[in-house]
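I've put the structures underneath this note.
Two complexes come next, and they have one chain in common, subunit A, joined by subunit B in the first and subunit C in the second.
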Partner chain A sequence: MSLSFAECSARERIALLFDEGSFHEWLPPSERVTSPHLAQLGLPAAFDDGVAIGRARLDGHGVFVAAQEGAFMGGGVGEVHGAKLVGLLRRALRDRPRAVLLLAESGGVRLHEANAGLIGVSEVMRAVLDVRAAGIPVVVLIGGANGCFGGMGIVARCADRVVMSDIARLAMSGPEVIEASHGVEEFDSRDRALVWRTTGGKHRYLSGDCDALVEDDVAAFRTAAIAALNGSRPLTLAALEREHAGLTQRLHDVADDEDAVLLWQRLGVREAAQVPDMDVETLRSHRPARGTQLAG
Partner chain B sequence: METLTYRFAGAQRLPTFAPVLVGVVASGNLEVLLEPAASADCSFHIETSARGFGTIWEAVLRDFHERHGFQGARVSINDMGATPAVVSLRLDQAAAGLKKALP
Partner chain C sequence: MDWTLLAQQLFGSAHNITAHGDFLEGSAEFEGQAITVLGSTHHAPIGVALALAQARVVLDTLARHPGAAILLLIDTQGQQLRRRDELLGINRAMAHLGCCIDLARRRGHRVIGLVYDQALSGGFITSGLIADACYALPDAEIRVMRIPAMARVTKISEQRLTELSKTNPVFAPGVQNYVAMGGVRSVWTGDLRQGLREALAASPSTDTRAHDGAARGGRTLAESVVQRVLAAA
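== the complex of A and B ==
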């Protein structure tokens, strides 16, 4: 029976995605390593500061895992939350697991913690690149209702592999942020179809920002995660320049005020106007060659 | 924020067990951490964003304790304005999780 990845909590995702009973948590809730900032603002802390980290087995392979809880402060990265992610990644450099998997669900920096959260996210980015440079693949799985935005959106695109469901979203500024700063004429955050055309899993898959598109199903995420274990990408100047050239080309492909459908057409997607109605399997067969080029 | 603590004498002595965490700290929700304790009673420690509901907390916790009567347990709660019904359900969810965690 299909089980929605989006509807699971961070801990349920860990329990269901990895080999049964294999998760060993570091800094578990009973350690009470909580935010030093929230109480001053009159907000309750969470015992795990919204992220569970540890080691587990995936199809028998020893891996490291972090899962963000989107229901707690929108998965926002606070000081402790960020430090847990960085600690996990640095430990990976020492212990060399088969891969590091980040089950991302986050609005980005937890603004209540301001600079501490910003520094935390930048440290996570650096740590992700260090782990990649050591030849250990970093895989980001995005499938929560809160999507993956802000600093965590950047973290995701620093990884070797990104797996998304069709209901997942990945971007820098979220819809409400764009609307607040540029006006509703620029971006109507209540237009859900627009939001998903612009940030959703299908769009990211067609344009090559994510590598695998799956159904909103825990078993589908597990299969894609196992497939991504061999997904290390070269972290070289040549590879980065290739990616930058691809992104520059994309910028030329679409004018400022155009809709994602036009970009899909220019990328060579057949029946681009029908994309929002396609199921995941059909959509996979519509991925243009240029989308896969950027994905590498 | 308000911090509340309660203690009730229990009858069902619990062996040591792995801590149980249920729920999340979200609007109208709470997390409950159930842990073993050396004490002869069951203690409750609550951090809540809603001030002035101490008597209701005590009634809900007493209800829970009458159902389970744990002895040697520590219950810690981070609450973001959950209703009494939600608190009761989370507490029972933790107790159900404990049954699985017991050796």
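== the complex of A and C ==
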């Protein structure tokens, strides 16, 4: 029976995705490592500052894991939250697990402690790239209702592999922010179909921004995570030149006022107009060669 | 500070930095050392095109000038807030720029960020904050959001936030707050050439910002949390 990944909490996702009972948490809620800044603002804290970190086993392999809790401040990265992620990644450099899996659900920097969150996200970014450079795959799984935005959207694209569900979103600025800045004509945040065509899992898969697309199902994420364990993708000058060429070509594919459907057509997607109605399995068979190339 | 004046003070006439719209690019010679210079001006929003233009300069430096130092001149209002940029994966283009800078570091290029005017949010994460070290001019502004905007988002009064920001650098914009938190290594006052000289000689290639933030008392928890994770049973 299928179980929605999106509807699970961070800890439920960990419990269901990894080998049963294998998760061992570092700095668990019982240690009450909380944000002093939220306390200063008189706001409730979370005893894990919105992220669970530790080691687990995945299909028998020892891995490190972090899961952001979207229900706490939208998964926003504050000082402690960010430092837990950095600590996990530095520990991975030292202990060399088979992979690091990041179950990302975040609006980006936590605005209540924005300066520390911004620096924190950039520290996470550098730490991810250190782990990646050490040949330990960093795999980002995106399937929460809050999506993966802002600085965490950048962090996700610094990882070796990205897995998304069709209902997940990966982007920089939220549609509400863009609408507030440039008007509803620029981006109608209430047009859900438009929002998903622009930032949703299907679009990211077709254009190569994520490597694998799965159903909103915990078991499907587990299968994709296992498949990504061998997914180390070293950053070399040649690899970055390929990435640059792909992104440059895509930049010239879309004019200012054009929609995702036109981009899909130009990428070579058959029946592009039907994409929003396709199920995940059908969509996989429609991925164009250029989307596959950009995924690496 | 205007970028042409900045370039003049740093390099005299020994540079060929030019602006292409909001995009700055060129090279300079500093005390016998070749430096690649790139960045932005006019508080540019960083969209896909500008991120790729900057990444191109880094990649060319890697290929043609192995080991050359790279100076990032930062003046940005943050990421471009456009639907088209989101469609094109602006987060990926910015990550690509960050990855190019990161590879430069790993291949022995010293990468220095300098906020000479304004640095915000997403435009800062993949420039100054991914460099070996980031510096700022005294008049520069660094922020995620101003206190009035933060008051709207957090539903906490401006007065309260202003009061709290006097003792906690996390809450308010400002170069000195970023210095206290370790995000900016130091402010270049007086002779800018001396600032650059010291930055080229002494910037760390590992990430010391959490440690610096703790030592300076502006970000007291990050380093200790990292150490606790490393030591956890």
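Definition applied: the second predicted complex is superposed on the first by the 296 of 296 C-alpha atoms of A that agree within 3 Å, B and C clash if a C-alpha of one lies under 4 Å from a C-alpha of the other, contacts with A are read in each partner's own complex, and residues count from 1 in each chain.
Here is the rule we use: a contact is a pair of C-beta atoms (placed from the backbone, for glycine too) under 8 Å apart; a residue touches a chain by one contact, two chains touch by 3 or more.
Remember, predicted model here, so these are calculated numbers, not experimental data.
Asker: When the two structures are superposed on subunit A, do subunit B and subunit C clash or fit side by side?
Answerer: With subunit A aligned, subunit B clears subunit C, so fit.
Asker: A:Gly82 in the overlay: touching subunit B, subunit C, both, or neither? Say first, second, both or neither.
Answerer: Touch partner of A:Gly82: subunit C, not subunit B.
Asker: Could you say whether A:Ala193 touches subunit B, subunit C, both of them, or neither, answering first, second, both or neither?
Answerer: Neither partner.
Asker: Who does A:Pro29 touch here: subunit B (first), subunit C (second), both, or neither?
Answerer: first
Asker: Which partner does A:Ala289 contact after superposing on A: first (subunit B), second (subunit C), both, neither?
Answerer: neither
Asker: Just to be sure I read the superposition right, which of the two partners does A:Ala171 touch: subunit B = first, subunit C = second, or both, or neither?
Answerer: In the superposition, A:Ala171 touches subunit C alone.
Asker: Does subunit B (first) or subunit C (second) touch A:Ala238, or do both, or does neither?
Answerer: A:Ala238: touches no partner chain.
Asker: Once the shared chain is lined up, is A:His37 touching subunit B (first), subunit C (second), both, or neither of them?
Answerer: second
Asker: Contact-wise, after the overlay, does A:Ala127 reach subunit B, subunit C, both or neither (first, second, both, neither)?
Answerer: The second partner, subunit C, only.
Asker: Check whether subunit B or subunit C contacts more residues of subunit A in the superposed model.
Answerer: Ranking subunit B and subunit C by residues of subunit A touched puts C first.
Asker: Rounded to the nearest angstrom, what is the minimum C-alpha distance from subunit B to subunit C in the superposition?
Answerer: After superposing on chain A, subunit B and subunit C come no closer than 12 Å at C-alpha.
Asker: Using the superposition described at the top, list the residues of subunit A that contact subunit B and also contact subunit C.
Answerer: In subunit A, positions 42 sit in both the subunit B and subunit C interfaces.
Asker: Report the residues of subunit A in contact with subunit C in the complex, numbered from low to high.
Answerer: For this pair, the touching residues of subunit A are 26-27, 33, 36-37, 40-42, 53, 79-80, 82-84, 86-88, 90-91, 94, 109, 111-123, 125-127, 129, 133, 150-151, 153-158, 170-173, 175, 177-178, 181-182, 186-187, 198-199, 203-204, 207, 209, 235-237, 240-241, 243-244, 247-248, 250-251, 254, 256-260, 263.
Asker: Any idea which subunit B residues touch subunit A in the complex?
Answerer: 1, 19, 21, 24-26, 29, 31, 33, 35, 47-49, 76, 78-80
Asker: Contact residues on subunit C for subunit A in the complex?
Answerer: Residues 48-49, 52, 55-56, 59, 62-63, 79, 81-96, 98-100, 102-103, 106, 121-122, 124-126, 129-130, 143-145, 150, 153-154, 156, 164, 168-173, 177-178, 181-183, 207, 209-210, 213, 219-223, 225-230, 232.
Asker: Using the touch definition from the top, list the residues of subunit A that touch subunit B in their complex.
Answerer: Residues 9, 11, 28-30, 39, 42-48, 69, 71-73.
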